[in-house]
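What follows is a pair of complexes built around chain A, which joins chain B in one and chain C in the other.
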Partner chain A sequence: MSANVAEVVRPRPYRLAELGLLILAIAVATSAYALVGLGVEGTIPANVYQYGAWLAVLGLIIHVVVWWKAKYADPVLVPIAVLLNGLGLAMIYRVDLGRSEYLNSSLTQLIWMTLGVGLAIAVILVVRDHRWLRRYTFVSGFAALLFLLLPLIPGLGKTINGARIWIGVGSMSFQPGEIAKILLAIFFAGYLVSYRDQLVAAGPKILGIRFPRLRDFGPIIIAWVASVGILVFEKDLGTSLLFFGLFVAMLYVATSKVSWIILGLGFFSVGAVAATFLFSHVNQRVSGWLGALTAEEYNKTPGGSYQLVQGLFGMSNGGLIGTGFGEGRPNMVPYAESDFIYASFGEEIGMAGLFVILLCYLIIFQRGIRTAQQLRDGFGTLLATGLSFTIALQVFVVVGGVTRLIPLTGLTTPFLAQGGSSLVANWMIIGLLLRISDNARRPVEDFHTGVLRVTEDPEERTASARDSGDRNDTARIEDEDAPTTNFAATRNGAADSDETPTTNLGTTGGER
Partner chain B sequence: MSEFTVTVFRFAFFIILWLFVLGVAGVLRRDIFGARRGSRKSRRGRSKRSAAPVPSPAAAPRQSPPPPAAAPPGGGRSQAHPGAIRVIAGPLAGTSLMLSGAPVTFGRAPDNTIVISDDFASSHHARISAQNGAWVLEDLGSTNGTIVDGRRIDSPVRLRIGTEITIGHTTLETQS
Partner chain C sequence: MKKPLTHITIVGFVMFALLFGSTSWVQFVTADSLNNNQLNNRRILDQLARDRGPILVDGTPIAYSEPVDDKYKFQRKYGSEGLDPRAYAAITGYYSVVSGASGMERASGEYLSGDSDALFYDKVGSLFTGEQPRGAAVELTVDPKVQKAAWDGLGDQNGAAVAIEPKTGKILAMASTPGWDPNALASHDSEKARSAFDTLEGAEGKPAYNRAIGGNLYPPGSTFKVLVAAAALESGDYTPDSTLNGPASLDLPQTTSTIGNSHPGACRNGGKPSLAQSLAESCNTSFASLGMDLGEDAIREQAEKFGFGQDLEVPLKVTPSSFPDDLNPPQLAQSSLGQFEVRSTPMQMAMMTAGIANGGKMMQPQLVDRVLNANTLEPISETRPKEKSRPISGDTADELTSMMEGVVTDGTASVAKMGDTKVAAKTGTAQHASGAAPHAWFISFAPADDPKIAVAVVVENGGNAGNEAYGATVAGPIAKNMMEAVVEE
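Moving on to the complex of A and B:
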């Protein structure tokens, strides 16, 4: 609490701390890269300085933009993202060197990282107040569905390894589902903050649990069935799992009812058991998980447990401190640079390194939830929770799959794994979290954003002063937020969004 | 390069890797390792900083920059004037806010300090401000009223530590 206290009263921007951590992160990434060269080829790679400089330029650009535009943003998010991304680059480079043909995939990944950092900066610059996103609640919902549908379009969609989740333009391929998860988080935050009360208070009561009315819950069911259904058609288990977890988590945060979690887990177990029997690819994963160490699963050629078990062998070979970069044999595992990059790290930097990686994810998640707690508006709280949960769930699904805690599903490890779309999407999430945390920690008197303004002077904040002084601002709020309010009103007759009172305030000038 | 040098480099790598983690933990110390220790420190620092340029009414109810610094550990708790409010129930549960210079307003409108998205809250529902050296809660003519320790208030009340304020579905508590 008192951390909160200190930040609200005289918040320290901690920008120099961010710079220090950023320099440390770049040092770690660059030395990892150099160690890979030392381990595999015996010499430090010739381009290590260019590599370090590129990372440093990217990090410094986003640091300066944050300092300039989001001064109070959380100080650890950028360094952690840079560190994870840099470690990932080094490992991709290492796996590349271990292959018979050199694909230079770490350069490709570095270009994607540049794009991702650029998009994160764009998010910080464009989204000046996260509340602005709330106006695009339903637009985001439809856009998310559209993005999820894109790979099913013949000619545009591409099937890679049995999953039809890519779209290909020329030689480039992209997973639109990664962007869809951000859009869905925005949609759910906006929708739930408006309809939270109806969801909780109205509806029939069955078995002591109050179920929401269909008309309140309808859009959620539509979005959920559509996204999960599409993913079943596209055969992408990991993303379905991610979306489902995201929905349950956000419903729980919005309504603070444990029954949602119970219902969600119940639905999930039913769905999972049904999918095991209905779809052969799900069944394969489950049997490969249960009987991973049996000879028949290990030797089964399509869809056996070979990859999983090789990953486990790799990690056990790594032990406590790993074999060292370039000393292990991560290439034994298929997809050592993407799906199984966690196992590659386990082999080469051991448990001591894996714990750093896991701690980094934990801190990102903690910062997101912390930000959600500090925020003073419901939409931001839900959005920050949703975004942090996407990262946390993704890590859980991947790491759980690789370490054989849960059946293996194909998801990318955020920031580490090779794959441009995931990297870009995660950088956008970092951009959004930076923006939201800036708003959460910014002192009240500095709160000048595009959407609303809070005056600081206590004397002037009396009732009479508000009439004259704030009229312009409130009128502007009315203009900006009118579409949301009207939309909510026409949808349900009872507009109860946050903005409604503001609209009244704008028209009457004062509240009393 | 000899095997020995590579090994040295490997361990150096681990050291900077963990230095990074410790650095992050240092920045987040107050968040991660409990707030109390940090709070006393920061409160001391703050009172020094705010002593000079604060002609605002905040200085009065904050009652004395010296006591928190001079008081023995935990002594701050006995202060009668609350220093913070915390949302203990409702959608924003967990949020807390330091009572400083500016008044704190509650309500549904987004320009409130704490936005309460609740059908039972008015757009500008209640306000806490400093008056005569104490924090005073007043209802701003809300429809459903502001309830303090179980009673609906009709005139401004002085806040003490541990007062429970209920606005719609949201309950707040004043803390030291």
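Moving on to the complex of A and C:
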């Protein structure tokens, strides 16, 4: 589609659509909560109004902040996150009721949700332009490493269920790896966007594959080996798999090198097979996966397939439409509220319900990728890709494990599963995606000409005036991006790169 | 970056497609086989949580489910006013959240839980009437009066008693002692239920054995002489009046050992008793020589016709009784007296007795009278009397009946005399281990001219009488009380 400035249609912000969807999400989540009480206890929980109100307040606050500070942000992200989070709360409440002792874990989770929403809002407020994060590429990298190392510190680190990925202060425990996930995505995005040309073009050619020079590739290798190495050391297979997938996906998007992907997958296969032989906990997972339904694996303790198979039995019991909240036996599955919450949903709301949940994740992924495609800068494209692919991959690893598609690894189902660190991290991802998508869809006149800065905000002006390096930095991003062909390629029909920003707008606007 | 981004999108979509696929695979495609998987304990729990039908005795529930407010939703209870759950434990079995089910709870489980295909139309019906679907009620053939007589008679002695209605095969009583309380095993507290199960399994006297139909079985002793007499009559070479050789002591061929009688001296008629007289006074020497004359095969054949060596479900599984193989003459002589390795259940002996009482027609023993809709009590199915086999001719049956009447009027079973009612019986005192008191047996039916009940009773190790035990004195009164519960109506 060819467009010129005169024909530019201002993209619609879709804020009212977001509000409508949000109200729907809150209504569904609150009904689920009420149905749990009705199904298990026979009465609607007394605190259902407070619960609904709390959800509504959280949802509305972030909605207002988005309207105010990120007007053009994707309108479905917040409602979907609230819906998933709300459904998760209902199921956590349900599993809690099925226990012999009531732990009030849904309240704890609601507090974590509040913190998560708060941090997402903070992300939107603090990060006014996602390109600002690029300045912290290496800081993020080091911080990610630090976070990953924290659990190994004696006294601070805690081993829970064989994995040393927790830090504990008092009775609180936290998985720093969840935050490291975001930091690594920022690091990879910042690093790859700066060095991809060197990575692709320079370096020796071996067996028809051009390898990058060590000094270009070094930091990436270090980051990757360190993260994966630490995780193997900390015995958390799932997160290791997640980081590896994140790394490979972002590397591929940055360099378009299929050969590296094949190489990467080769490395991973070798690593996975080696891990199966070397580490007993990996070996257990694989044999428990292959022979899940044999009595031998089922009865094996520790390890074995008891949890997996109980999850499968729960899901098959749910069938197409499920038993209904409170009518199944999700509590028979160990960790029904966290690692196996997907199976709990499968039992009580059936395949139909699971499809809705999967669809929600698919939409998050699709919106993230769409944002990446719309973006004008390479850093943002990579970051949006990394973040949305993280969610998709995490869902794949968890749900694939629970449904016996792949061996079971310990990862949490984003937004649904009980666990504060994961919830907080995923809300921060939503915050980032909101910010990035706002930038992607915001009309250029809102940025004004020259440097890409929002000038309508007086604070912003003083901030940019104060920090002139900021301007240069922003300008530099554009400079770097220009030759990568990314721009020209994304702007279908754009004749020359001069028109780039405008054409981009036209494309975006036209699609709306 | 556009092309690789498209690829990543495809990868993501493929991952989600795989998840939609794997989810459908678990919840839809293979759901049935997962639900029926042997390892799947949800099925048991689902059944536990269902409103299980009651087990009825003469219209009164001996086992029933009561709604409770816990995860199993229904508590199984045993016993009612006048129906001691311990007396019926051998029949009902238990229904446990940790140990599964036994007895009729297991054998009729499909009806009680409502899973049986036979209940299909009933279930469809309840869809329309809006009734709460629940398991069917199973009404037993047991007559509570006979059961009580058996239970009270056995008392604190270990043993078993079975009563059958000869014309229909209905099991009127089945008791096994020591009894136990299934209520303890039905506890929803899994620790309590498990320990109750362990107690039952480990307890002294092995209450978990249903001695009427299983357990270690018993040598039938002299009650087996009825079967040998039947074989003799069926051979055509003997009549009740045929003269047998009944000395005070019988030398066994190939050995130095001898067989003697339970009373000192030779048998009636100066050691030459008739077949009928031999049975009346339970002459060992004459039956031993008769058995050796008939031969191993003839006796085994007759035993098998009565049901020895056959699997039987009533629907409780009955352990097959057995007659040994490859006997030398002394072993055959011992076996003819129901000793050596002859093993029998009280159920088997009751079946034989009922077969004789019913003119040679042995009916299939049945514990289930009717299956009823638990809400409306309308019958869903009714058990019809079924002929199982004809082990002896009508003539032989008549001859055996009058011979067994003679045992009561003029022999060892005089304890069973019931006024004007004609009673047919045979006693047994079975030695089973050196030094141990013998098992006391008693089989009988009444009225002999119009049989309404056939009974077999065994009391282990002579019961309270110990070494002084005779079948007549220990087991006889129990059998008599059981018969009176029916006949004196």
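Please note the rule applied: the second predicted complex is superposed on the first by the 439 of 512 C-alpha atoms of A that agree within 3 Å, B and C clash if a C-alpha of one lies under 4 Å from a C-alpha of the other, contacts with A are read in each partner's own complex, and residues count from 1 in each chain.
Everything that follows uses one rule, which is that a contact is a pair of C-beta atoms (placed from the backbone, for glycine too) under 8 Å apart; a residue touches a chain by one contact, two chains touch by 3 or more.
What you are looking at is a predicted structure, and each value in this text was computed from that prediction instead of being measured.
K.L.:
Per the contact definition in the header, classify A:H130: touching chain B only (first), chain C only (second), both, or neither.
P.N.:
A:H130: touches no partner chain.
K.L.:
Examine A:R404 and indicate which partner it touches, taking first as chain B and second as chain C; both and neither are also allowed.
P.N.:
second
K.L.:
Per the contact definition in the header, classify A:G346: touching chain B only (first), chain C only (second), both, or neither.
P.N.:
In the superposition, A:G346 contacts chain C only.
K.L.:
When the two structures are overlaid on chain A, which partner does A:S256 contact: first (chain B), second (chain C), both, or neither?
P.N.:
Both partners, chain B and chain C.
K.L.:
Of chain B and chain C, which one touches more of chain A's residues?
P.N.:
In the superposed model, B touches more residues of chain A.
K.L.:
Taking the superposition on A as described, I'd like to know which of chain B and chain C A:Q373 touches: first, second, both or neither.
P.N.:
both
K.L.:
In the superposed arrangement, does A:T381 touch chain B (first), chain C (second), both or neither?
P.N.:
The answer is both, since A:T381 touches chain B and chain C.
K.L.:
Contacts for A:T43 in the overlay, against chain B (first) and chain C (second): which applies, first, second, both or neither?
P.N.:
The first partner, chain B, only.
K.L.:
Report for A:L83: first if it touches chain B alone, second if chain C alone, otherwise both or neither.
P.N.:
first
K.L.:
Under the contact rule defined above, give the chain A residues that sit at the interface with chain B and also at the interface with chain C.
P.N.:
Residues 254, 256, 366, 373, 378, 381 of chain A touch both chain B and chain C.
K.L.:
Give the list of chain A residues in touch with chain C in this complex.
P.N.:
Chain A reaches chain C through residues 98, 249, 252-256, 293, 295, 298, 309, 312-320, 329, 332, 346, 350-351, 354-355, 358, 361-362, 365-366, 369, 372-373, 378, 381-382, 385, 388-389, 392-393, 395-396, 399-400, 403-405, 484, 486, 489-490.
K.L.:
Quick check on the complex: what are the chain A residues that touch chain B?
P.N.:
1-6, 8-10, 14, 17, 20-21, 24-25, 27-28, 31-32, 34-35, 38-39, 42-43, 75-76, 79-80, 83, 131, 193, 196-197, 254, 256, 321, 324-325, 349, 352-353, 356, 359-360, 363, 366-367, 370, 373-378, 381, 444-445, 451-454, 456-458, 461, 463, 470, 473-474, 477, 496-502, 504-505, 511-512
K.L.:
Provide the residue numbers of chain B that touch chain A in the complex, in ascending order.
P.N.:
Answer in residue numbers: 1, 6-7, 9-10, 12-14, 16-21, 23-24, 27-28, 30-32, 35-36, 38-39, 42-43, 46, 49-50, 56-57, 83-84, 86, 91-98, 100-103, 105, 107-115, 117-119, 122-124, 129-130, 140-141, 175.
K.L.:
Once bound in the complex, which stretches of chain C touch chain A?
P.N.:
Residues 1-5, 7-9, 11-13, 15-16, 18-28, 30-32, 34-35, 37-42, 45, 71 of chain C touch chain A in their complex.
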